[in-house]
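Common to both upcoming complexes is subunit A, partnered first by subunit B, then by subunit C.
Right after this comes the complex of A and B.
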């Protein structure tokens, strides 16, 4: 096998056992890797009755075939499980440095079940692994735990660590790689915490990747890396990070303001944009392994209430989630809030969104003093958010901390009194920081049909609507008008299929915009030794999309769940998209038709499943 | 006639804030083209807070914000 190694680690923490697991080789060709392969392994090995936080739940880490390749954008990997936040399928993607190291150590991923008797860590080295009890790390923040692990094992060990939020089963807890990169979304840190697994540490002495055609691979990788280096838009991100055009986004109405109640705030746009971050606090850019873009930020704030030492700075999502979404234009406060979230191990998107919900719900009189422990958080009061709210949530301290630790949707359900009017989500996952009313109506569609819930990285739709990529070989050769539904179902078919592939190949959606469709095919062929044409590749993407849909069907999701909170479908009251309606139902109906999804069950016909080699899965769902 | 150009966000790298003299029947599309922005920047024009279609003729005294559609995630 090339690219992949053919080996997964299977870890059962209850019985302290580690074994080698070899997925059938055709799983790799049919489900690619990453999110797709994780879905297939979950389908085969997961207990669909198990609660997300029970010992029986299965947590999967999976690499794509390109991990280990010295290619910009190729060093991401997937984690997947039943989400404790949403109750259904979730996969999350993380950059950083862990993925290539795991491949070099001889593994394509790790399957983890059970629960350790005492807090433990998993130590992975070349072709071997062991479980070690490490109760002394429990209750440490991510930063301290990471530092302690590096001191014990050596600086070159790569780490995946959960913070107090994961230990306390906060529903949107994340998993941090070396304290900077995150498996942010859908609460997979809580799944790891429920297993009493504080960390995974990893080191390999090998640095070679076996590929199918060394010469052609080198040529293609050189060509793609050069293109990334020359890309105008990626150079913009290199200079000012993923928030480089936040100011432009505010003018387009894309950046959410005060819990998605407004689409324009001019002063904030300049205060929070990427160039301001660079001017004021940037020390340097940082990169995922082998990526020349280096869109990540290392910042330092020397003085003031939000002073922080040199370390990871916020990317776009965090800036918007703790800035405009909470009614703040204080960039230093945002940097500090992001740093605190990282240390506590919480997804900045869901955390910011849940806080935005409680501010609005309190303002509208839905949360009484008894439910908020007397704490009143107001728009823009990030000091209180940092000092009081974030630690309370991570520790589930007091009534308010415990309430918000459930995420906005469950919290609103508990409070009742129509407070769900202020939740902004799809399928229980809080919406990311692109408002489809201003960013693009296609995004409304792809948020809603994304398997994990409202998600901007389930597909390249955002980039397709902004005209940043075209795929003529698969029919996407036309310009899209962002604030219209025209051609959105058709382009969403391309976007969701490609998104399934990207997340299974574990490629970064920024860097891979430079790759053409024929080059994608070539990359699979020269690395993994496939004999693919474009059709094979696209069919694999579609197969993965369908399989993940079947998993959600088994969790009880139906077509009606492919929906968005009313707020995202109510015309904006200001800014560039003011008054413009999203023709959501029309887009969704057409998308369902094009994807052969049943308008009630939300899943494809048996014939379509068979055409995509999902016969066994079809039989499980629809009967033989 | 004269208009006033105001780049926003990343377009500041390529366009100066400036007053500009243009022909009477100049359209938004023609203005954007004349700016020679690098491929990939994909700019649109916003006047009085609203996105302007390419075929819209410019009006004397218009303040035109030039905004790139390229967003980070």
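Right after this comes the complex of A and C.
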């Protein structure tokens, strides 16, 4: 086997056992790796009756075939589990430096079940692993725990760590890689916390990746790396990070303001944009392993109420979630809020969105003083958010902290009184910081059919509507108008298929834009030794999409759940998209037809499943 | 060329556009913030079909041809696509993706001007009208 190693670690924390697990080789061809392979392994090994936070739940880390390749954008990996936030399938993607190291250590991933008797860590080295009890790390923030692990094992060890939020089972807790990169979404940090697994540390002495055709691979990787270095858009991101075009987004109406109640705030655009972050607080850019883009930010704020020492800075999602979404244009406050969230181990998107919900619900009289412990948070008051709310949520302290730790959807359900009118989500996952009313109507469709819930990285639709994609080889040569439904269902078919591939190959969606479809196929062939044509690759993407739908079907999701909160489908009141309606149902109906999804059950026909080599899965769901 | 009789026409229109933009407070401020020497290169439509804008040092100067200094940013495209672009009828991201626009140098400054393209288009339309080229205005 090339690219992949063929080996997973299987860890049962209850009985303190570690074994080697070898997925059948054809799983790698059929489900690629990362999100797709994790779905297949979950299908076969997961307990669908198990609560997300029970010992029986399964947490999977999975690499794509390119982890370890010295290619810009290739160093991401996936984590997957039943989400405690949404109750159904979730996968999350993380950059950083862990993925290549795990591959070099001889593994394609880790399956973790059970619960440790005492807080523990998993130590992985060349072709081996062990569980160590480490109660002294419990209750430490991500920063202190990471520093402690680096001191104990050495700076070159890579770490995955949860913070207090994960330990306390906050439903949107995340997992942090070396204190900077995150498996942010859907609460996988809480799954890890429920297993009393504080951290995974990793070191390999090997630094080589075995590929199928070394000469061709070197040639292709050189070509792609050079293209990334010359890319106009990636150079802009190198200079000003992922928020480089925040100003443009504001003028399009893409950046959400005060819990998605407004689509335009001109002064904020200049205050929060990436170039302002660079001018005011940037120390340097930082990169994931082998990536020349360096879109990550290292910032420092020397003085004022939001002073922070040199360390990870916010990317676009965090800037919007703790800036415009909360009615603030204080960039220093955003930097501090992001840093605090990282240390507590909380997803900045769901956390910001849940706080935005509570501000609006309080403002409109749905939350009384008895439910908020007397705390009153207002739009733009990030000081109170940082000092009071974030620690309360992470510790589930007081009534308000415990309420918000459940996420906005569960919190609104508990409060009642129509407070769900202010939730902005799909399938229980809070929407990211791109408002489809301004960013593009296709995004509304892909948010709704994304398996984990409202998600902007489940597909490249955002880039397609911007005009940053051109794939004539697979029929995507549309010149899309963002604020229209024209050609969006057709584009969403391509987007969801490519998204499934990208998240299974574990490639970065920014760097991916520089790779043509034939080059994608070539990458799979020269690295993993496949013999693919374009059709094989696209079929694999579609297969993964269908399998993840089947998983959600087993969790009770149906076509009606492919929907968005009413707020996202209500015409904007200002900005570029003012008054424009999204023709959502029409787009969804057409998408379902093109994907052969049943309009009630939401899953494909048996024949389509069979055509995509999902016969066994079809039998499980539809009977033999 | 679809919109121009010869290579002098687009340069005349574009230089006039920038001369007018300099007198619009918002656009002038935006251009100064770019702080770059930009060469708009349309030489695929003729050797003298280009102009440059020097936004360095808090001033904005516009002149025909390639600048004598090394440009910080070069944008190469056809004069027809430039006409579409100033008329706000060309998605710049799409044009870059499809290689209709080729860029050399940092596009960060230019990105800041992208939201102002609507205003530029209004001024451009007025420019064309005043030059007697109303028929070239794209609706």
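We adopt the following convention: the second predicted complex is superposed on the first by the 624 of 624 C-alpha atoms of A that agree within 3 Å, B and C clash if a C-alpha of one lies under 4 Å from a C-alpha of the other, contacts with A are read in each partner's own complex, and residues count from 1 in each chain.
The rule is short, and it goes like this: a contact is a pair of C-beta atoms (placed from the backbone, for glycine too) under 8 Å apart; a residue touches a chain by one contact, two chains touch by 3 or more.
As the structure is a prediction and not an experimental result, all values here were calculated from the model.
> Of the partners subunit B and subunit C, which touch A:154 in the superposed model: first, second, both, neither?
Touch status of A:154: no partner.
> In the three-chain superposition, say which chain, subunit B or subunit C, touches more residues of subunit A.
B
> When the two structures are overlaid on chain A, which partner does A:236 contact: first (subunit B), second (subunit C), both, or neither?
Touch partners of A:236: subunit B and subunit C.
> After lining up the shared chain so the two structures overlap, which partner does A:368 touch, if you call subunit B first and subunit C second: first, second, both or neither?
Touch status of A:368: no partner.
> Contact-wise, after the overlay, does A:135 reach subunit B, subunit C, both or neither (first, second, both, neither)?
Neither partner.
> On the A-aligned overlay, A:315 touches which partner chain: subunit B = first, subunit C = second, or both, or neither?
first
> I'd like to know which partner A:248 touches here: subunit B for first, subunit C for second, both or neither.
After superposing on A, A:248 lies in contact with both subunit B and subunit C.
> Which of the two partners, first being subunit B and second being subunit C, lies in contact with A:470: first, second, both, or neither?
In the superposition, A:470 contacts subunit C only.
> Just to be sure I read the superposition right, which of the two partners does A:25 touch: subunit B = first, subunit C = second, or both, or neither?
neither
> Please work out whether A:305 is in contact with subunit B alone, subunit C alone, both, or neither, and reply first, second, both or neither.
A:305 contacts neither subunit B nor subunit C.
> Pick out the shared contact residues on subunit A: the ones touching subunit B in one complex and subunit C in the other.
Touching subunit B in the first complex and subunit C in the second, residues 232-233, 236, 240, 244-245, 247-248, 251, 269, 275, 466-468 of subunit A appear in both lists.
> Can you check the complex and tell me which residues of subunit C touch subunit A?
Counting only subunit C, the residues touching subunit A are 91-98, 103, 106-108, 111-112, 114-115.
> Note which residues of subunit A are touching subunit C in the complex, please.
It comes out as residues 232-233, 235-236, 239-240, 244-245, 247-248, 250-251, 269, 275, 466-470, 479, 513.
> Would you mind writing out the residues of subunit B in touch with subunit A in their complex?
For subunit B paired with subunit A, touching residues are 8-13, 38-42, 44, 46, 49-51, 65, 67-73.
> Touching subunit B in the complex: which residues of subunit A?
These residues of subunit A touch subunit B: 231-233, 236-237, 240-249, 251-252, 254, 264, 269, 273-275, 295, 315-317, 432, 434, 439, 456-457, 462, 465-468, 482-483, 509-510, 574-576, 578.
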